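A, B, C and D are the chain letters, set down in written order, and residue numbers restart from 1 in every chain.
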Amino acid sequence: MPETRKLNYGEAVNAALHRLMAELPETLVYGEDVGLPGGVFGVTRGLRKQFGDRAFDTPISESAILGSAVGAAMMGRRPIVEIMWADFSLVALDQIVNQAANVRYVSGGRLTAPMTIRTQQGNAPGACAQHSQCLEALFLHVPGLRVCMPSTPQDAYDLLVTAVHCDDPVLVIENRTLYFGAKEEVTVGGPVQPMGGARVRRHGSDVTVVAWGAMTARVLDAAEALAADGIEVEVLETPWLNPFDTEAVLASAGRTGRLAVVHEANVTGGFGAEVVARVAGAGVPLLAPPIRVGAPDVRMPAAPILAQALLPDADRIAGEVRALVKG
Amino acid sequence: MSERRLADLLAMWRVRAFEEKVRELRLAGPIVGSVHLCIGQEAIPVGACDVLEPEDALFATYRGHGWALARGVPAERMFAELLGRETGVNGGRGGSAYFTAAEYGFHGENSIVGAGAPIACGAALAGRYDGSNRAAVTVFGDGAMNQGAVHEAMNFAAAFSLPVVFVCENNRYSELTPIADMVRTSRLADRAAAYGMPGYRIDGNDVEAVRFHVRDALEVAKENGGPTLLECMTERIVGHYIGDAENYRKPGEMDRIRAREPIARLRAGLLADGVPADEVDAVEARARAEMETAAAAALAAPFADPATAREHLYA
Amino acid sequence: MSERRLADLLAMWRVRAFEEKVRELRLAGPIVGSVHLCIGQEAIPVGACDVLEPEDALFATYRGHGWALARGVPAERMFAELLGRETGVNGGRGGSAYFTAAEYGFHGENSIVGAGAPIACGAALAGRYDGSNRAAVTVFGDGAMNQGAVHEAMNFAAAFSLPVVFVCENNRYSELTPIADMVRTSRLADRAAAYGMPGYRIDGNDVEAVRFHVRDALEVAKENGGPTLLECMTERIVGHYIGDAENYRKPGEMDRIRAREPIARLRAGLLADGVPADEVDAVEARARAEMETAAAAALAAPFADPATAREHLYA
Amino acid sequence: MPETRKLNYGEAVNAALHRLMAELPETLVYGEDVGLPGGVFGVTRGLRKQFGDRAFDTPISESAILGSAVGAAMMGRRPIVEIMWADFSLVALDQIVNQAANVRYVSGGRLTAPMTIRTQQGNAPGACAQHSQCLEALFLHVPGLRVCMPSTPQDAYDLLVTAVHCDDPVLVIENRTLYFGAKEEVTVGGPVQPMGGARVRRHGSDVTVVAWGAMTARVLDAAEALAADGIEVEVLETPWLNPFDTEAVLASAGRTGRLAVVHEANVTGGFGAEVVARVAGAGVPLLAPPIRVGAPDVRMPAAPILAQALLPDADRIAGEVRALVKG
């Protein structure tokens, strides 16, 4: 029985977790501070109370957290583990890349690893270089993983539900600057959505801008500003990055004849390169060379005044897209 | 009593005969790539697997052939796996160092040092919720004791009193480097105290000692007593991998090793107890014959089909 | 004797006054982002840094302001760093949780739990070759003891007898979770035995005890005796970070903490020894005044120049 | 005094290490089995004997190996550490990405991390999924690191010498299938080469093929075969991937009008995407859409018969390039 609730992004994640724990008895939720304290961002609040020891705190041991999730998933549990910051996954990447991603393939499907890794990433004001990275491109280069990055409360809810129902390892990369955003109408309790798919967040005919994560809202702001200049931007959000909806991007870019990809991650080696390479490889005729907008190839400084000079914001995005359209 | 010991001998000979056949096939060509034999270490898998229950989970390393065999994985399907045949336990996808056969209670080898330990914790954790009486056994070498993941796993298991048995096969070398040079105190079992769990250094070449200690640890684990670390002292009679020149061996070392290796030792014990030599030696012949048959069958099987190489990545 | 204790008190008051001023600036707006204060833990950095030599290397965590100050980093340049000013020790690039000031012998904070421990091993290792008499001190929390990198570092340092002092600030919590719930035996110092190195649990709120044990460990280290683990028992009087609601505190916990916190304790000791109250309290006033001056100067400094944000990535 | 020697790839690495240890007293060489045993591939042989405790073995502790290299480098040493397989870097990626890469930037250059990480990667017959990955794309997404992948004995020598002289962290990614290749004339003892630059391994006018690592030789074989069909391939090897010689690629692709990028790594998210995206972004006019040839997005099976079905070989490369040229 689907119902509508006013929830912000963090609350939507929390609602999804409650639903999943209730409907899938094989789920477990654990990680650092996620049990009794309810998570450093409050996102797992209430689970311990309602579901007892199916929600618990762990030592600061990312290899043990991720590795035990692999083992529990092999045995039929459906663990939902949290890595507090995506940056911290780097102390234990082996368990994701060399372990979780191989389970199904090597065993020919006789063993599987239906686990969900919730994490969050990106810069927030004052965060240092070790707490600011956008690492989705690393995970997207690893066959055997699924990866998504919701940016709206509805997607925060839906994608997590889909992820946990998926029989393979899925990374759900959230964003702490979104947790406490505005409340929106969120449909909860509806059917599990299929994995994949893009979202046309705004229709436009002059240029296609593909974006994901925290950049989506900035791209929409930029599109608004550009509309005032008479430039109509089609904003295509791709919250699912693996599987990635290449068709939607090709179709939109084919229609508008121009392509920009915007992500918060560093440009070089970012997933924007993959998107551009797919469009180029498909031979979609473009009126101008495609552009990528992201953080320049540099570490992230802590001082907001320095970080702001690096992170794409609506102004910079609008400027680059305007230049793309106006030539 | 001598019956059980003969059964142990047979199980150990199966492992050794399997490994020797693998070496032959590796040197002759049909098996390719890096292969890590467990010759000399057979008493550990044989003693341990004897007391495992079907519901228990077992995680080994790249040096895992003996563990898989002792756990009941058919030799033919293992040969086939190493030979890249369709009939291999993973159809050739795992190979010598990374195959898995959960249907036999063998939850896989692992080629990343120490990585199986946290995974075993998860298998044990799952048992808390699924109503099974599962314990998990994770096997690793002396060198793996210095890997971060093993430390995290030991603390995780101890803190949550998970039913895990940490089996450290201390064969005195990490690849080509003596473990004694890489630690300050060489009794690795003593590290268990750091986590508040029991740790025992045992004779890993004595199948009976291994059986006793693993059974005891499993009982403790299943009675909610938490994990145990067993440091099983043993030695490879072979190189780290097939092709290892073993330049690191000290004078006399190999003689000493051979004098106390588990099969020769059990054989001597049986003879001393009056079991007729032909009865004892028939065991070896039987094991070798079984492995020849299994290898021949595997060699006759079709190769894995390249058209399937992309299958089973996702659900 | 009371002179040294007054000096200790001043050093601790400097740390606390710095931290209180930081909190004020964080709550008022000029400092942004996550800030981890060490209020309540001041005796550890003050006691330890007093016996460090200029050639020694010091690696702290995100809770590192006190260590930097005690090591001699000027408060004004630290305020400036937290405020994102050009005059900050890293011109605002490091911020509260990740700044470095090697020119003062402070080799940096670290925002990854446990990551500083292997790095400190390298600093100590370097001393083997560069003719210096360097020891390295690495500081981390109780929770970090469960991180793989710390385990690897302890074994590495012990195996090679590197001059490293592992200072564990056990404030009983890892963020919001009691360490007691995350380990099976709560005496973390006992883990040192796993690596064959000495480990001591000491009163981390007693600046004299910290000084004694760190000096002793440094001496052992520099005489080629290898590493030592010091588990310094202490408590935060504040949250894990500014903004922490501290819901995890038990009834009466904060009273108990305040009763044994290091500054109140040293103050009481001085008064009991007959040092006049106004002399003792002048120390606090002096420290606060210094910090007000330093903060004001930092606030008056220009912001970091955004045009420089891409500089210094590569040589 | 430069001199010429007949060396295979592994011997060239060894010669470079001997030179570096001799000319830079601040170098140290360490890692698992690299000291007394001289390395599992024999590449560090002789160093322990000649340089004593400046070459030594370590515990199986990649975080300690890499982390101590960061610390030693900060203090003025120039450690050259080995990670036996690139796959194993994943147990300790934190020390490379969150630590080494940040040292110079965060300190504004007052601390540096002049360390070299030697590793090797890729598939060799029979190797399992945990010993076969090509991970250069992960490192290439990390600002603050330098990355190179020599494929010839001369480059194996030169690039390592350059890497160790570099004042920043450098990853030198070797390949174990190359170590025991043919001996070639190698100039040793020459001046330290500058970082960066591409190598035109074959001139051609019909198509530009960019490649690196073990694929280079296969591309050259494919080019030979294609020449027999009258297709002239320009083979551009880019052994330095960071810094990457974008100009050379743009110029060559501009000349030939066609572009293929070949790497052993999985296609999605591989560095081939970056190369294609740069060419597309630069607006180089092409006669046909650019292609990428690499391993398909799957794990690597151990059986050679299965792995061969996935890895690019000269035949497959020739086929795909032929299709690109013939349309």
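Heads up, the rule we're going with is that contacts are C-beta pairs under 8 Å (C-beta built on N, C-alpha and C of every residue); 3 or more make two chains touch, one makes a residue touch a chain.
Note that the structure is predicted; figures quoted are calculated from it, not measured.
Looking at the partners of subunit A and subunit C together, the chains they share are B, D.
Across the assembly, the mean Cα position most removed from that of subunit A is the one of B.
For the pair subunit A and subunit B, the distance between mean C-alpha positions equals 40 Å. Each chain gets one centre point, the mean of its Cα atoms, and the points for subunit B and subunit C are 45 Å apart. Centre-to-centre spacing of subunit A and subunit D amounts to 31 Å, using the average Cα coordinate of each chain. One finds 36 Å separating the Cα centroids of subunit B and subunit D.
Contact with two or more other chains is made by residues 91, 93-94, 98, 110, 112, 115, 146-149, 152, 155-156, 159, 181-183, 313 of subunit C.
Annotation for subunit D: residues 58-59, 61-64, 87-88, 91-92, 94, 98, 102, 105-106, 128-130, 143-144, 297-299, 301 touch two or more other chains. The touch graph of the protein chains shown is complete. Within the complex formed with subunit A, the residues of subunit D that make contact are 63, 87-88, 90-94, 97-98, 101-102, 105-106, 128-130, 133, 137-138, 140-144, 242, 265-266, 268-274, 276-277, 279-283, 288-292, 297-299, 301.
Interface of subunit B with subunit A (complex): residues 57, 59, 90-91, 93-94, 98-100, 102-103, 107-108, 110, 112, 115, 117-130, 134, 136, 148-149, 152-153, 155-156, 159, 311-315.
Subunit D meets subunit B in the complex at residues 32-33, 36-37, 40, 57-64, 87-88, 91-92, 124-131, 296-299, 301-310. Put simply, subunit D touches subunit C in their complex at residues 26, 28, 53-54, 58-59, 61-64, 66-77, 79, 91-92, 94-95, 98-99, 102, 104-112, 143-144, 146, 166-168.
Taken in their complex, subunit C has these residues touching subunit B: 146-149, 151-152, 155-156, 158-159, 161, 181-185, 190-191, 193-197, 226.
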